[in-house]
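Consider the two complexes below, in which chain A is the common component and chain B and chain C are the respective partners.
After this line comes the complex of A and B, so read on.
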């Protein structure tokens, strides 16, 4: 019966739930979905992570490559993120070249990583003007059930935290490059940026903030993806993006900042535990 | 035009100049300069569009953002997305189902704050085209400089050294936040202060809109 009701009166179905202080999947407004994380799951990548936030599943793998730095920035390496949203992750995407949404989300993810300054690109340079590391971070979404940016950032950060760079010797005269894959140094990661997505739903008398929205909730709130994303790294905000959906009043902003602080702690714990478990498993 | 003494004055924005009906063939068009930053926007619609992109519930909004360099990049796609989502909240799209509205933005000069100039220009062009709107909106850019002070509508040289740049869009009815777009790192307190400052500054833009519209209404 409920299913039919949902199809005939989609808006009323959703509003009935929200006005009774509960979301259609049974969560409270500020409740987030469980996070499951597994690091180093792909053996062909240098570092990798698989994350599940509720049903949203994202795989991230990092490949290393050597290249010459740009002439304008001779002492910087490269960090390239690439997000793939294949047709299998949601009926909204068609096979073919990357959709607008994939490009926008990819830009958001790489923007958060750059703004948070968690990776110093100078650390990726081996010999200025001659040789630098390129980190290709490929992120593939297997199942898109909302809050995609959050999951991408968790997967990416978990992979970066486990990444070890092989030692490289470069001969200035012969331009000979020797890579020793046995001696590895971990990449320095400064802090841990965490993104928290919200959907903003408008009831006649007030606005409701839904934490960690599912794809269905994002759609009902009128956005393509989440409406409001707060990112913070070590207590400093490194990006608050809001687009579409209902407008935001200042008290809901206070609330969102508080929720994002709590979530940062949870995500931090998840990543640390999962890396620790992986290390124990290896040794 | 010139950099007038708006360096440390709190609620004074760069001088704005605007002309409506700038292009003869568009349904609505505007050229807007904020200081030395200039953008032209043309709005066409509601028009017929191909059936695959039609929506039965509301009109489809298409935003094209053309830079001076001409080459489109992923960052431009992102700006297009920001502008489209902002316009979508302002336009009463459900009045024009199965149609399309195209907004074309051309950058002319960028001396800082281009995104907010484009957003304000788009709003005026939408007003000029006569599309039904829920509300108008105003965009304000501010920067956080190295000492942590907030500068409204920063000039270009300050943008390059700034710790963070934020653009906020407010609507005219509830004066609530429609869009926010930030770059760089900043603390929560700075964020709140920037929000409050831009909120106050948005009133100046709304009164500018009112002046422009009443000026052109007299001509008609």
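After this line comes the complex of A and C, so read on.
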């Protein structure tokens, strides 16, 4: 019955729930979905993580390559993030070249990582002007059920935190490169950027802020890319955006900052626990 | 034919398996909520995901009255191989694999039931350790069942290779990446074991005609073994009482 009601009156169905202070999946407005995280699940990548936020599933794999640094920045390495939204993750996507949404989200994720300064690119340089690491961070979305950016950042940070760089010796005269995969040093990660998505739903008298929206809620609140995303690294904001959709009120903005601060602690605990479990499993 | 040394003197393979032994297969149906059907399959270290959307209305240009249009896409995640792949899909190899997937799965699907419709099957390889195509077919088969699409039989794929032991030919089942890379013949068979028919057959390298039969029969045996595993997975899944309607989060 509810299914039919939803099809015939999609808007009223949603508003009925919201006006009773509950969301269609039973959550409260400020309640986020469960996070499940598994690190080092892929053996072909140097570091990897699978994360599930509710139904949204994202895999991140990091692979290493050596390259010459850019001439204008001889002491910096490269950090390349790439997000893929293959057609299998949602019925809305068609096979073919990356959609606009995929490209925008991709830029958003790489901007957040660059702005948060969680990786010092100087750490990736081996010999200035000669040799540097390229970190290819490939993120694949397997199931897109909303709040994609949050899941991507968690997967990416969990992978970066487990990444160990092999030691490299470079002979200046012969230009001989020796990589020793047995001696590894963990990559320095400064802080932990955490993104929190909100959907803003407009009721006649007020605006409602929905934390960690599902794909269905995103669709009801202005469609693709209309989320309000707050990203902070240790208290410093490093990416905040709201494109289109309903307007945001300044008091809900304060509320959102508080929620995102709480979420940071949760995510931190999830990542730490997951890495600890993995280390115990290995030893 | 002095092929590479794939069998030890004890008759064990490079990864410690016996010649007629499959790698461990672990699979799960209904792993995602967005697609109509999905499955995850692990065959040794090869890990693949399959998602099925449809049947839905086909676009005008593709639509036929004869049967459903099966659209397959095989893609390998950039981190699936040791060396980074720059193009996860659309390169020659992926296109060829997509085509082969379609050929094998069209044989299994009762295409005549859905004229003017389309089924999309997406296969994503997360980790490739040899036999990614075979794992893809097996996973897609499970995803089709999860989506509730009528099939003639399970479509199962398996590969086989050839080795020598004390001068006797000994076919190897379910070839891993190390054995693939060592050279030697790899015969890939996609079949409907229930009906005994072969949907797709592909062989690389050279093999003497006299030995073809033994290698093929071993690959077919592998397909039959895989069918038993898949069937068990489907039954277990259904026994859980898990139907799609239960978890739909409105």
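The working rule: the second predicted complex is superposed on the first by the 281 of 283 C-alpha atoms of A that agree within 3 Å, B and C clash if a C-alpha of one lies under 4 Å from a C-alpha of the other, contacts with A are read in each partner's own complex, and residues count from 1 in each chain.
Criterion: a contact is a pair of C-beta atoms (placed from the backbone, for glycine too) under 8 Å apart; a residue touches a chain by one contact, two chains touch by 3 or more.
Remember, it's a predicted structure, so these values are computed and weren't measured experimentally.
With chain A as the common reference, the superposed partners chain B and chain C fit together side by side.
Once chain A of one complex is fitted onto chain A of the other, the partner contacts of A:103 are limited to chain B, with no touch recorded for chain C. Contact with chain B, but none with chain C, is seen for A:111 once the two complexes are overlaid on the shared chain. In the overlay built on the shared chain, the residue A:214 is in contact with chain C alone; chain B does not reach it.
By the touch criterion defined above, A:42 lies against chain C but remains apart from chain B after alignment on the C-alpha atoms of chain A. In the superposed three-chain arrangement, the CA centre of chain A forms the vertex of an angle with the CA centres of chain B and chain C, and that angle is 120 degrees when rounded to a multiple of 10.
In the superposition on chain A, contact is made by A:91 with chain C only, not with chain B.
By the touch criterion defined above, A:247 lies against chain B but remains apart from chain C after alignment on the C-alpha atoms of chain A. Once you line the two complexes up on chain A, you'll see the smallest CA to CA distance from chain B to chain C is 11 Å. Across the two superposed structures, the residue set of chain A contacted by chain B and also by chain C is empty.
Listing the residues of chain C that touch chain A in their complex gives 32-35, 45, 47, 49-51, 53, 71, 73, 75, 77-82, 84, 88-89, 120, 122, 124, 126-129, 249-250. Residues 74-75, 77-78, 81-82, 85-86, 88-89, 171, 174, 176-188, 191-192, 195 of chain B are the ones touching chain A in the complex.
On chain A, the positions that touch chain C within their shared complex are 2-3, 6, 24-25, 42-45, 48, 55, 57, 59, 61-63, 65, 82, 84, 86-91, 95, 136, 138, 140, 142-145, 214-216. Of all residues in chain A, only 100, 103-104, 106-108, 111, 115-117, 223-224, 233, 235-245, 247-250, 253, 257 touch chain B in the complex they form.
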